[in-house]
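Handing you this structure, nothing more for now.
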Amino acid sequence: MIKQELCTVVSQSQIAKDIYELTLSGELVREMNEPGQFVHLKTGGEFGPLLRRPISISSISKDTSEFTMIYRAEGKGTKLLSESSSGDFVDVLGPLGNGFPVEASEQGDTVLLVGGGIGVPPLYELSKRLTAAGFTVTHILGFQNKEAVFYEEYFNSLGETYIATADGSYGTAGFVTDVIANEGVKFDILYACGPTPMLRALETSYGKNKKVYLSLEERMGCGIGACFACVCHTADDPTGYTYKKVCSDGPVFKAGEVVL
Amino acid sequence: MKSLEISLPGLSLKNPIMPASGCFGFGREYSGLYDLNQLGAIMIKATTLEPRFGNPTPRVAETTAGMLNAIGLQNPGLDRVLNEELTWLEQFDVPIIANVAGSLEEDYVEVAKEISKAKNVHALELNISCPNVKTGGIAFGTIPEVAKNLTKKVKEVSEVPVYVKLSPNVTNIVEMAKAVEDGGADGLTMINTLLGMRLDLKTAQPILANKSGGLSGPAIKPVAIRMIHEVSQHVSLPIIGMGGVQSAEDVIEYFYAGASAVAVGTANFVDPFVCPKIIEELPVLLQELGFDHISECTGRSWGKHEKLAYHRA
Amino acid sequence: MKSLEISLPGLSLKNPIMPASGCFGFGREYSGLYDLNQLGAIMIKATTLEPRFGNPTPRVAETTAGMLNAIGLQNPGLDRVLNEELTWLEQFDVPIIANVAGSLEEDYVEVAKEISKAKNVHALELNISCPNVKTGGIAFGTIPEVAKNLTKKVKEVSEVPVYVKLSPNVTNIVEMAKAVEDGGADGLTMINTLLGMRLDLKTAQPILANKSGGLSGPAIKPVAIRMIHEVSQHVSLPIIGMGGVQSAEDVIEYFYAGASAVAVGTANFVDPFVCPKIIEELPVLLQELGFDHISECTGRSWGKHEKLAYHRA
Amino acid sequence: MIKQELCTVVSQSQIAKDIYELTLSGELVREMNEPGQFVHLKTGGEFGPLLRRPISISSISKDTSEFTMIYRAEGKGTKLLSESSSGDFVDVLGPLGNGFPVEASEQGDTVLLVGGGIGVPPLYELSKRLTAAGFTVTHILGFQNKEAVFYEEYFNSLGETYIATADGSYGTAGFVTDVIANEGVKFDILYACGPTPMLRALETSYGKNKKVYLSLEERMGCGIGACFACVCHTADDPTGYTYKKVCSDGPVFKAGEVVL
């Protein structure tokens, strides 16, 4: 169930250039079941920017009722968020949307997780669950440059991890798709989150032959399915009236389900 | 809450608070968050004759104390609204105000005729003011004669009272209000969004795929208050006010200006529980201010102006 | 700063940043805070033929991300503006844009004729859009034919180029812009304030003694951007943009929309040093965005639309 | 000279119902010369309410570069201000306006200070200066009720102090003007600050025969004299064009100078 709660900041720290890791505690952690769901945050309280900001859940700790997010402080809202520190409150609406289906990975499947930039965070909880369930997981994480890289060690500890940077300042130079091709990475199922061009490239290459799940991004109003801000066309009716809402039908869709 | 009960043409409401059209879908999502029976009424998303996908995304952009939207009247079309959404809403004891939109006069008339037959639709809200639809739309909301004729046509077929939703993007809103009053409107709802635009610093392009969109939220409240203050003193129709309402205080300000009920739009996105919160806070605030009933607030700002007949009813 | 120098009809500016009329008096107060020579230009407070006291107080009220004002064109009248204010301003190497207002056509013409003779007045800003003056004013700003004729009359007597300040409170701003272009205007300034009102929760009365007032500040920026975006593609006059500008980023957004210079109003009250700050930050931001000169930004949002002749100049 | 500065909160505390005492330190204290001047505060920083709030200076300590204000937390801005605590910054523009003329008190004068509600604070610095200069000062301070009373002891330590409350819950029941009449308070010069009806009553009774200085309040835009928000008519041309600006010509005027 979706809850609204003033969660308490447990910790906040900068972990890469403009990238912050924020851990909150609150009762709504009880409702967090799938990796890949997101929360909708009112940053800066009453006087902050008007709209909430959608941010993915990057890890969940039911024991401590805590969850963590990783975000880029770029615009007004996220910059304000980055100023909150332990003991402060953050107004959270969530958990929202449908996450990555862990159960789509079947026994014996080799799993590939591909993330780009601030699309990387939700893959962390996903990887924890998949490895806990016994799957071998490979990670390919793409970033702009060396300064933007985060969580490499965390992913490393869960499975093989490749880093690509657009400017070549760290790891492989180029895009995540280059890594898959160059390194001959093999997989049965692919979960990805990142910029739309990346998702499109993955869908084009693997959408037909593999199990592929993609987490989409779209500007949002309500975050709960009521305002029609975040719709996309369905793949079987690409110019028609049928649609999916990224916030409540997604953000994760099976490749071929919606028009990217 | 006796102090909040109000009655308007076609509407006998527990309280004067309702979500604004387009900001609440058809209620399904919010029904998972709280009991919709608490609401005074629900203004459902605009319904058109045929289903509409609406505009390409991005469809929303934030502005200082406001937001722009260019949804483009996405909706599943008259048939599905009737057969799926309105029937689903029948489980609640809440009157529905159906927002009716179209590009051609015939469309409006057809939708109005059919949707007004639905059991739980107690009033229509004629949306002649959507800034996000290219064809036709504009004239309905900006040319008094055109608005009047449309109102007349819709009144002829509607089985429930008809409220006309006015656009703020006009030189003379009183003239528009009088025209639809002449056309036989039973009430007004105002205001729809102001036309606006935001550009992206990096790309130099509009953030909205549709380029311009409708501005809503607290930023526009003073514009709405001024228009309602003026219109309410020149027509004798009841007004459902809207534009940036976020709190019980805002509701009272709208009543003072001349509104008889208030709709909450954008604030639902900021705080999905805002409507029940306002409904809870209103009686307390009324008492603090020394009113026995919310209707006493309507038109309090008019000062020396004679209060018009309707508002005393 | 070469990257900020621009030239517009009558105006050869160090930079395109100037305080907006009514938000900077005649410069005296701000001259105590910083060197006015830094400014691109100064738009002085509206000048009328006779001195005006203006409206009773309260004259300002705060709104969310904005403010309402109903100053009512208080000013010491043409003679004292000429003999005291403009002569005082001569000590600065800053072109003055004189805001001209009135109730009757004759007043405008008389003020324009005399004030345009002042040595440091390089352009006039014809204020046909003040929402706070009861008599006459409204028609000048809302009826195209009336605006056109006034522009013509003023052009006949003015010794400097004439910019016309457009009101946003109209159904069709493009029509207004074209009318004053036809009337011979040399440029446009836009937008003036939106009509708005706030009511006091305790008294139920308008906070402003004048009841309604003009809404300015960040709240109105999206409205201004949309209007400039549209007007700039339909007329070939340069536009000085304004409405909620607070930062160098805002300035760029106005240029993208189609402005060739930008005025800063309300923000001066929030931060009296805002103009010099923006002037300092602009070159840095331009470089970050990859522009050599600010004029490259004008009209970048127009997309596929043909850029009009003037804007290339 | 008027300065803009991010001043540091030295201390803030609640001293009566909704009434806060806030001490800030900053270089602009150097510029503070007259009692009765005010500062213009941007509350809540970038995301706070748009306009600045005018608040009187209630005491000045040049030694420590600190100044104190006393204000009622009522609306959005002042409520936000009341949330700041020691170490925070407050954006201050000031000092503004012309204060009370201490030099108008001549040797041998008996001085009366009359304050109403949040008009009381600027009288404190004034009283300190007057008593330091050897004058005998009487204070009459009016409040709504007992809970609203503040600084009684402070004023008491400087001179005789009468408190009046509108509801009679403390001190004399009634208005400050009642106290003057009932107690037969004698004075040669009167300085007052408070609600306009109070100032009007004082002006009517004493404006002609005594030296009377009144500090006015008006809604402000700029606070520095540029926007014409805060003007009033001059007494010698009450319906004409001549005017005074409360922010820059005032807030203190001699009785009979402007139309209240």
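The first chain written gets the first letter, and so on, giving A, B, C and D; residue counts start at 1 in each chain.
Heads up, the rule we're going with is that a residue touches a chain if its C-beta (ideal position, glycine included) is under 8 Å from a C-beta of that chain, and two chains touch if they have at least 3 such contacts.
Each chain and its UniProt protein: A, D = Dihydroorotate dehydrogenase B (NAD(+)), electron transfer subunit; B, C = Dihydroorotate dehydrogenase.
The structure presented is a predicted model; accordingly, all values stated were derived computationally and were not measured.
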item: Centre-of-Cα separation between chain D and chain C, whole angstrom; value: 36
item: Inter-chain centre distance, chain A versus chain D - centres from mean C-alpha coordinates, in Å; value: 55
item: Whole-Å gap separating chain A and chain C, where each centre is the average of the chain's CA atoms; value: 46
item: Contacts with 2+ other chains: residues of chain B; value: 63, 65-66, 218
item: Junction residues of chain A - those touching two or more other chains; value: 49
item: Topology of the chain contact graph, where touching chains are joined (line, ring, star, complete, other); value: ring
item: Set of all touching chain pairs, with the criterion as stated earlier; value: A-B, A-D, B-C, C-D
item: Footprint of chain D on chain C - complex, ascending; value: 22-25, 28-30, 32-33, 45, 51-54, 57-63, 65-67, 69, 71, 74, 76-77, 207, 217-218, 266, 268-273
item: In the complex with chain C, residue positions of chain D that touch it; value: 1-2, 4, 42, 49-52, 93, 218-233, 240-241, 243, 248
item: Contacting residues of chain A [partner chain D, same complex]; value: 44, 47-49, 80
item: Residue ranges of chain B touching chain C (in the complex, touch as defined); value: 63-66, 68, 142, 169-172, 194-199, 201-202, 204-206, 211-212, 215, 218-223, 225-226, 229-230, 244, 249, 252-253, 256-257, 289, 297, 300-301, 303
